[in-house]
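Chain IDs A, B and C follow the sequence of writing; residue 1 opens each chain.
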Amino acid sequence: MSAPTIAPSPALDGKVRGKKPRFQLTPYSLLVPATVVLLIIVGWPLIQLFVISFQEFGRPQVFGAPAPFVGFKNYLKVLTDPSFWNVMVRSILFCLVNVAVTMVGGTLVAILMTKLNKFFRVLMSTGLLLAWAMPALTATIVWGWIFDTSYGVVNYIFTHVFGLDYQGHSWLINPLSFFLVATIIVVWGAIPFVAFTVYAGLTQIPDEILEAAQLDGARGTQRFRLITLPYLRSIFLVVTILQVIWDLRVFTQIYALQGIGGIRDQTSTLGVYIYQTALSSGNFGMGGAIAVITVFFMMAISLYYVRQSLKEEQL
Amino acid sequence: MTAATVARPTGTADAQPTIRRRNSRAKRRAVSILLSAISVLVFIGSVFPVYWMVQTSFQPNNEIIGAEVNFWPKNFTFKNYGTVLLESDRAQFLPALGNSLMVTLLTVVVSLLFAFLAALAVTRFRFRSRRAFIITILIIQMIPGEAMIVSIYRVLDGWALLNTIIGLTLVYCASVLPFTIWTLRGFVNGVPVDLEEAGMIDGLSRAGAFWRITFPLLAPGLVATGVFGFIQAWNEFLLALVVMARPEMMTLPVWLRTFQVANGTTNWAAIMAGSTLMSIPVIVFFLLIQGRMTQGLVSGAVKG
Amino acid sequence: MRKLSFAAIAAVAAITLAGCAGGGSNDAPEAEKPGNIRVWLVGTDTPQAARDLLKTQFEEQNPGSTLTIEEQSWTGLVDKLTTSLSGSDSPDIVEVGNTQAAAFTSAGAFLDLTKYYKELGGDDLLPGFVEAGSYDGKFYAAPLYSGSRLVFYKKDALAAAGLSVPTTLSEYISNAETLAADNPGKSGLWWPGQDWYNALPFIWENGGQVAVFKDGKWDAQFNSAASQKGLAQIQELMTKASNAPKDGNETNPQVGFCDGTTLQLSAPSWVKWSILAPTDADTPGCPDQESNLGVYALPGVNGGAAQVFAGGSNIGISAKSAHPQLALKALKIILGKEFQTIYGTNGLVPALKSLASTLGTDEVAKAISSAAGNARLTPASPKWAEVEASGALTDFFVQIAQGGDIDSLSKALDEKIESILNG
């Protein structure tokens, strides 16, 4: 993983400048391939996205009709639309809950892995690996099937094993329970990544340090807080920020679940909302405005991370 | 599973030798059993959907949709796989598999190569727009791609790249590159510069040093970041749907969707069989690289 | 009405552009060079026999040219059409759902077919669908076929409850409730909450409307007194007579019918074939129920057939088609008697009124033709497709099925529909 570093990164500049390379390899030439791809596929569409967010841009404009500029009309419309704010709040809550559950769960599983004997460790990692490998789309279809109103195994178990009346119970119709199912799907798919990463991090903490702490009389929780956590801080920071970005943009799981059941208006998150506004409804101008607002919003959240990186790496 | 072989002290918070040694050992046993039990629960929780998908795919469709729920196929059948693979009036599996494999592997290779070069630039050199580049890379990851589909479509159209493997590969590369560069940066940082310098003293050019020395040392990092490209390219649905509009260019996620018919009859067993088929290559890929991956993930992050 | 005029400009612009770009303008009498015509048909409604016919006839009539049918799925269709029809890799002929047609006709995605109207069938074409495929006085997308909604029932269940086929809407409602009450745990009328197509007749029959256009603005009508009456009936049926998932959609209607938990259901006419599918089919039915399967057209308030929603498809030529002349020839085959007859014999209403007799004379056919005679469409706004895509209607009826408050829900729905249609 990346950025925040524990050991200061090797200071290179002096050496690079000092020696005269035989072959003039400039940083710019190294950046060319990636930059070209990004400029073509992201850069240009991004400019377009920004421009149309100030235009009246619907399906006729896609087919070549002139697109008049309307100033901040799209932005005003989005920002004054209560359903946008509902979506925003919902997305943030969903993201927070999922990131928290994933991080805590993943860390606990990782710690558990360090305490197991080989057989159980291999068993558990195999399971996690399978969950990780399952594509999000198929995972959502399968989970949707497990929670199916008429033929789902969950209702069957609740009804026949626990004797509760869950026959024909819809898990998706109530927004809270919809997001419970969505959270299960997202967390289930994300825990393996966190668990493996944190576990691998745990195994890299030098044993001497832990042993020394133990000799000094530090208890398990103390050792975790005083040694493990600081040591893994960089991992936690990177993994958390990735989870935040991914969970805030979650699309596939919500989109596929809405196809199965539930009330869209009460369950849409940012990704799905943008899709519905821009593509399904053909309101590309508004979709663009929402996307731009989302990016600014995410930038605001990740400001801390960026600042942290800047500080530690002397960017 | 993971390559970590260090035996860790297990659950030994109070492990100092004391008089109550016996007691403590019993307690440790109990804790160990409890932890093993929890790990089995985690295993079941992780595997259950996979199991459910596979076992459903082996049941006749009319037994799936019924009041009775079978936890194991009563009448084991391969029929659903036949439906999915062989029926000629449906979208074909094999061409879709071929397209998906091509796009995915190309995406992984190209994005890793380009990201490696870019990561070298931002870690091994100081230059004027370095900081701007790194921040841009982070911001790009935050853009909701759903809003740009039409624009991306037009760009590809303009370059005559619609319905081509290269076109879709480029799109996926673009969506994976920021993450890959961002992550590889940490790994490159972890490779000591001294090694490159030693190579250069031995007569390698700077480019040669990067290629012969740094690149191989990055293997775990490349594996770890490659996985993301793989998952992204393998699963993406919306762009694949619009960019690969011709049936012969369909990828697997789009293929899977053809089994869900709105307002009609849904063949759940076939969908499960299709999902299973779609998951197998990912699982194989993961099994192949798993050990190196987790190792790689961390060496990058910790050593930074 | 600024929107409309832009759209009109767009349409004109697109047609002019297509005329310039498409290798010889539309009007040019000289024949085009041979090429490959790509036809997008959606879903599996068009029978294989019809597809074969189209391909062989076209290739016979146009030596050197070929025709490829590319089957699309309804999921994501609007997205795919938006991009593909506007790009350089556009298919030549595309099928589109009749309620989605306006989104594309108004955007200038289709070639203007006004002057071929007569050749394509003229006044013999289903009028509602001609309307759906026209915009601003021009004809862009021809009718392809129409489905028709019928009520399927179990004869033995109706007889056991001492009921007969209902002749009025209120009898229909009371029948369903009696069936549900007599058979606990079963659906007197299987009605999943997302299935809003089935709800429209109740609104229309009570004198309500979905939305009306007046003084240059759309005015949604779900909150009108007449609509409220219909909505109350819908809610009664959904809550008292149906055991279907309240937020479910209308897929797999045959399952409940075959396992005996569904006693009646209202569905497109082809559901008959799902019910009677062989037991070892991919999606098995219950052919042994054939003699027990009854069918009737939804009755209206005052008897006769109710005004039902006419689902179906339109078909048009892409404005970007590289071979508009060839495409037109293919379109003529599609709207020809031979091709359309195959729809009729497969239980779909052909695009040509004169072919109604091909539906046959059995119970189903009679029900289809009486239902089709009274079929209605959704509001003729280019933005109606957006209303559907927004999910507002499915959301609304799911909430109605849950027993939500009709008055406040329908008020909110009206606001939402108006904001889209007038937005």
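Here, a contact is a pair of C-beta atoms (placed from the backbone, for glycine too) under 8 Å apart; a residue touches a chain by one contact, two chains touch by 3 or more.
Since we're looking at a predicted model, the values are computed, not measured.
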Can you name the chains that touch chain B as well as chain C? A
Of A-B and A-C, pair with higher C-beta contact tally: A-B
Most remote chain w.r.t. Chain A, using mean C-alpha positions, is C
Per the C-alpha centroid definition, the whole-Å distance linking chain A and chain C comes out as 39
Compute the distance, rounded to whole Å, between the mean C-alpha positions of chain A and chain B. 14
If I count partner chains per residue in chain A, which residues reach a count of at least 2? 62, 150, 259, 279
Multi-partner residues in chain B (2 or more other chains touched) are 65-66, 149-150, 154, 238, 260
Touching two or more other chains, which residues of chain C qualify? 75, 79, 82, 86, 249
Contacts from chain A onto chain B in the complex sit at residues 1-7, 9-10, 12-13, 15-16, 19, 21-23, 25-28, 30-31, 33-35, 37-38, 40-42, 44-46, 48-49, 62, 109, 112-117, 120-139, 141-143, 145-146, 150-151, 153, 156, 188, 192, 196-197, 199-204, 207, 210-211, 214, 219-220, 231-232, 234-235, 238, 242, 245, 249, 251-252, 259, 270-271, 274-275, 278-279, 284, 287-288, 290-291, 294-295, 298-299, 302, 306, 309-310, 315
Can you tell me which positions in chain C touch chain A when the two form their complex? 3, 6-7, 9-11, 13-14, 17, 75, 78-79, 82, 85-86, 103-104, 106-109, 193-194, 243, 245-249, 319, 385-386, 389-392, 394-395, 398-399, 402, 420, 423
Within the complex, chain B is touched by chain C residues 43-44, 48, 70-71, 73-76, 79-80, 82-84, 86-89, 91, 249-252, 254-255, 259, 268, 274, 279, 282-284
Considering the complex alone, what residue numbers of chain A touch chain C? 56, 58-66, 149-150, 168, 170, 172-173, 258-259, 261-266, 276, 279-283
Residues on chain B engaged by chain C in the complex (per definition of touch): 61-62, 65-67, 83, 89, 91, 149-150, 153-154, 157, 160, 162-163, 238, 241-242, 245-247, 257-258, 260-267, 270
